[in-house]
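Once you scroll down, you'll see the structures, which are given as structure tokens.
Look for chain A in each of the two complexes below; its partner is chain B in the first and chain C in the second.
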Partner chain A sequence: MPGVTISRWTMSYFAAALICLAAGLASTASGFGYPSVPVEAPESLVIIHLIAIGWLGLLFAGSLLQFVPVLASRQLQSPHLALPTLLLTIGGLVLLLTGFLGLADILPFLAWTLPFGGVVLTFAFASLCWMVIGTLVTNRPLSLPAKFVALGCAPLIGVAVMGLLFTLPLSGLTDNSYLVRLVLEAAPAHAYLGLVGWMTVTAVGVSYRLLTMFLLSPEKVRSTSRAAGWLMVAALAAVLYDIVFAGAGTGRKWPLDVAVAIGGTAILLYAIDVYSIFKERKRKSVELNVLSSLVAVAMLVISFILFAVSIAIGNVADMVIPIAYLFTFGWLTGLGLGQLYKIVAFMTWLEFYGPVLGRTPVPRVQDLVNERRASVWFLLYFGATSIATIALIHDVPDVFRWVTIAQLMAVCALAFEFIQARRLALVPASTKLPTGNAISRLFLPSFNGRS
Partner chain B sequence: MPQEFKELDVRSILQNGGQPFEEIMRAVGALQPGEGLRLFAPFEPQPLFRVMDSKGFDHDVVELDNGDFEVRFVPRTEEEVAISENAVSPELWAEPSVDLDLSDLDPPEPMQRILSEAEALTSGEVIFAVLSREPVFLFPELTRRGHQWVGNFDRDGSAYRIMIRIGPGATNA
Partner chain C sequence: MPEAFQQAEVIERIRQQLSSVIDPEIGRGIVEMGLIYVIEAGPAGDVHIMMTTTTKGCPATAFLADAVRACAGSVIGVTNVDVELTYDPPWNPSMMAP
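Now for the complex of A and B:
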């Protein structure tokens, strides 16, 4: 049966994700973790996983639950798994962070917390993949965006299983030489699987649909898009090779470099596609969510250019962290915040006004947000992120921490804007809903049977 | 969804005096459901058109600048129509009393326009609308209000067409 309704738990995913982002930024601003300690120190791992799983993981999972049905034009497969998946992700993350804090001697160390957290997270992501793949396969042949989203599921499972394997030697539960070498050598591949393999591939796929939709641009299957997909497959194969041989102790540096180079080429092709989608648009005015997505794509391209330049100059070791930072906060987080700005307003509009459309005056989706004010926050966010990247390149940790405070302010301000949208605080008086229409549903679904 | 094509260039096979028929049939056999075939040949392959027609493919021919031909074989959609669970005999519905071209509107405006139009009509009247995308959020709302609908993409997937039959005393939930 075609048709899509509101995903009940997506707002809860978003709320939890934003809390993790704010917590991660606040911790960094307070001097906890990198750059005060090395990036592989347990304190840094706390922040990294708070951002990667707590913020980006929950953001992507929540968005997929709403948009995979749109891509497939079918209801979500096993929607009852949405809440358990959310709880498992949060629970697994808390266990993982407790374990890292134990390794850092901040909490008492219990050897089982890390592997247990790894198991719980693997279950959570497997459950997410079940819903995503199960929904996509009901509408074959898969559209191009759907193929990207399906491809992203493989590295998602990969990154979870790999993380689980890491936890065993880290907790001292095994001294198996293969696993020990894996932890020592394959952490960059682990990050690649998560940030590029799952999130970037998924974001690229979904944006092919969303950008054409928001810009009223024709949705075509371009040869550049297909090539980008196949290059990502090749890049992931190179990463797999890297992981297998890193553990065996016969690892070389080149497979991951090759993966970055191929992935970077895919990204350039994607950027060309975004440019064509933008050029062929029928809608002349461009909304803030599209603008911020374009800035995010620019930051994605810049992070690849920085990588290419640093290989040419030969200072990759110094540049890896600033580049990974720009990739995570400029590209993934920038894109995520930009899309949240639109998705929250749209879902709220549909949830509250969908049932009365055509029967009473309703606001436009844009009326739920204040674009002028929000654009100031986006400017602050992207400006701070750019300066933070430069501060990392020039190794000035104090500046980095100060601009992290600016980033945190921008994120909190945007979270406030999302709450305003959820509460329908900005809609014109003539379109206010009659009181009693459950405006209090900030981030929990309605339990009265509808929505 | 946009039409996807596999490509096959038989110009070199013909140049070398070979017979491309088997190669073409192999490519056709390997097509995914819904996928088309884009064939490049030095002449219009007339005999092939009949064969492909019997296999359920329509064709478009484009002459290229260098005098060669590009032929696009597109599978005839076996009227892949989406239909609401409550829809009964759409072929017996009345002629549409409202005809809407909403293909230039931003989402979710098409949904809003259709639901407004639906409120103004009486039971049994029919709306025909063309949209640029499949209105996935509209479908459940129509059904919930007791309206029936059928819809599908046009052949090249660039527009979505929907017919909506207004339900008796639309349910106010």
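Now for the complex of A and C:
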């Protein structure tokens, strides 16, 4: 039977990811890191990596462990690596943050923490890629979403190795001129590989399947989708060129600009696909996870439009941070929170109601959540993110920090909604389960061999 | 043809019973969703059901097949239920009842 089981550790990935997001927002709201200090300051690097690896990295990794088997219609390759990968990611991140805090003179500086953290994180992401690629290649030819997910693994390894190389001169272990220049010149390419190369490419691929599933839209391979994939390949090639020549000291500014322009074109094609999927849907009612995904896609498109406009009027240097912020918090985080809202409820339903389906009345997945209440939190989150972006553009850090508090409130409220779903607190009385086992399994798997 | 009549009756009872099994995401019955392709009943009460899911590889697949087996098995006159999953043809939204 081509069934796919529930990923045992995905909820633990999500819990750790949400803690990192809340910690990052709380730190920013308290005045730690950017915009109180420059973006390249070690304090800012703490926040950036807490969000990029701790929140988004764990969120994407946990989601892939559940979703890649769905794409491949088979069990996950080496599922026993899921827990070590989680622990390695958290451990590597802690080492990395300890190193940055040492560089900021907040903790004693130990030179080995940064490269050791880099090595641990590289192993963690290699392990994730092993599971993802190992699962996908068994079902060839790859479907379009699977191709995007597989493509995303290359920049994931690239960003991890590049980060490891950065740690060597940063920790003072080497003064190799190639590596020093790499740190000075290639940080934007490092960010591009992670945020666009891995996360955006993966999110685009996964959303082609998820949106058609949730909207009951026909699954088609559109020429626009194929073109978006090839454009992303070209953009990643331009980034690779940028990285190699940045270290050699012969780097130019244009390869990364070309990569952003090509990536932006791919995103516009993707937005056209999302519109087509939405238009051809059979399911007329649109749930909150889809609505929030649509808002996230709109913020993605806006971030590329802002980039194009800033090139046209010649103020890219001033706009890079607001654009990167909108991209990270509007697109990736907005999409992530929207999908979490659905995935948590869906996995909880499978875990607790799947085994009794057909034997007793069961609720719908939608009955596990309170859509009206959650929509207020999503509105607050996206509103605060928009205002925060405007505050960054107009350089008003106080406003930025205040709206970060609003973002934090929205994230905490959504986390509460996820916990309510996990506890089955909202299901109709007629479908309540007699046992209280839901309460004991908030984010850890069952250890009785059942799920 | 009393035997054929009885078999048709069993099939109808199974179909009615399966209507209570919902697709958890859509919230509609799996019969109404068009996920049950074929129900065949033999003279000895053995039943063969061919079904699909909205997406190949859906994590709910095993639970849905199990639910169909249990639900059909609870119908009077059914002695054995064989559930076969197929993706030929793959399900598409036009298979849903309006």
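As a convention for this text, the second predicted complex is superposed on the first by the 446 of 451 C-alpha atoms of A that agree within 3 Å, B and C clash if a C-alpha of one lies under 4 Å from a C-alpha of the other, contacts with A are read in each partner's own complex, and residues count from 1 in each chain.
Everything below uses one rule, namely that contacts are C-beta pairs under 8 Å (C-beta built on N, C-alpha and C of every residue); 3 or more make two chains touch, one makes a residue touch a chain.
In this text, all values refer to a predicted model and were calculated from it rather than measured experimentally.
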item	value
Side-by-side fit of chain B and chain C on chain A, or clash	clash
Which superposed partner A:V221 touches (first chain B, second chain C, both, neither)	first
Which superposed partner A:T5 touches (first chain B, second chain C, both, neither)	both
Which of chain B and chain C A:G358 touches, first, second, both or neither	both
Which superposed partner A:Q66 touches (first chain B, second chain C, both, neither)	second
Which superposed partner A:R140 touches (first chain B, second chain C, both, neither)	first
Partner chain(s) touched by A:R283 [first = chain B, second = chain C, both, neither]	both
Intersection of the chain A residues that touch chain B with those that touch chain C	1-5, 69-70, 73, 213-214, 216, 218, 282-283, 346, 349-350, 354-355, 357-359, 362, 365
Touch list for chain A against partner chain B, complex	1-5, 69-70, 73, 140-141, 143, 213-214, 216, 218-221, 282-283, 346, 349-350, 354-355, 357-359, 362, 365, 450
Touching residues on chain B, where the partner in the complex is chain A	1-2, 4, 32-35, 82, 85, 104, 106-108, 111-112, 114-119, 132-134, 136-141, 143-144, 158, 172-173
Contacting residues of chain A [partner chain C, same complex]	1-6, 66, 69-74, 209, 213-214, 216-218, 282-283, 346-347, 349-350, 353-355, 357-359, 361-362, 364-366
Chain C - residues contacting chain A, complex	20-22, 24-27, 54-71, 85, 92-94, 96
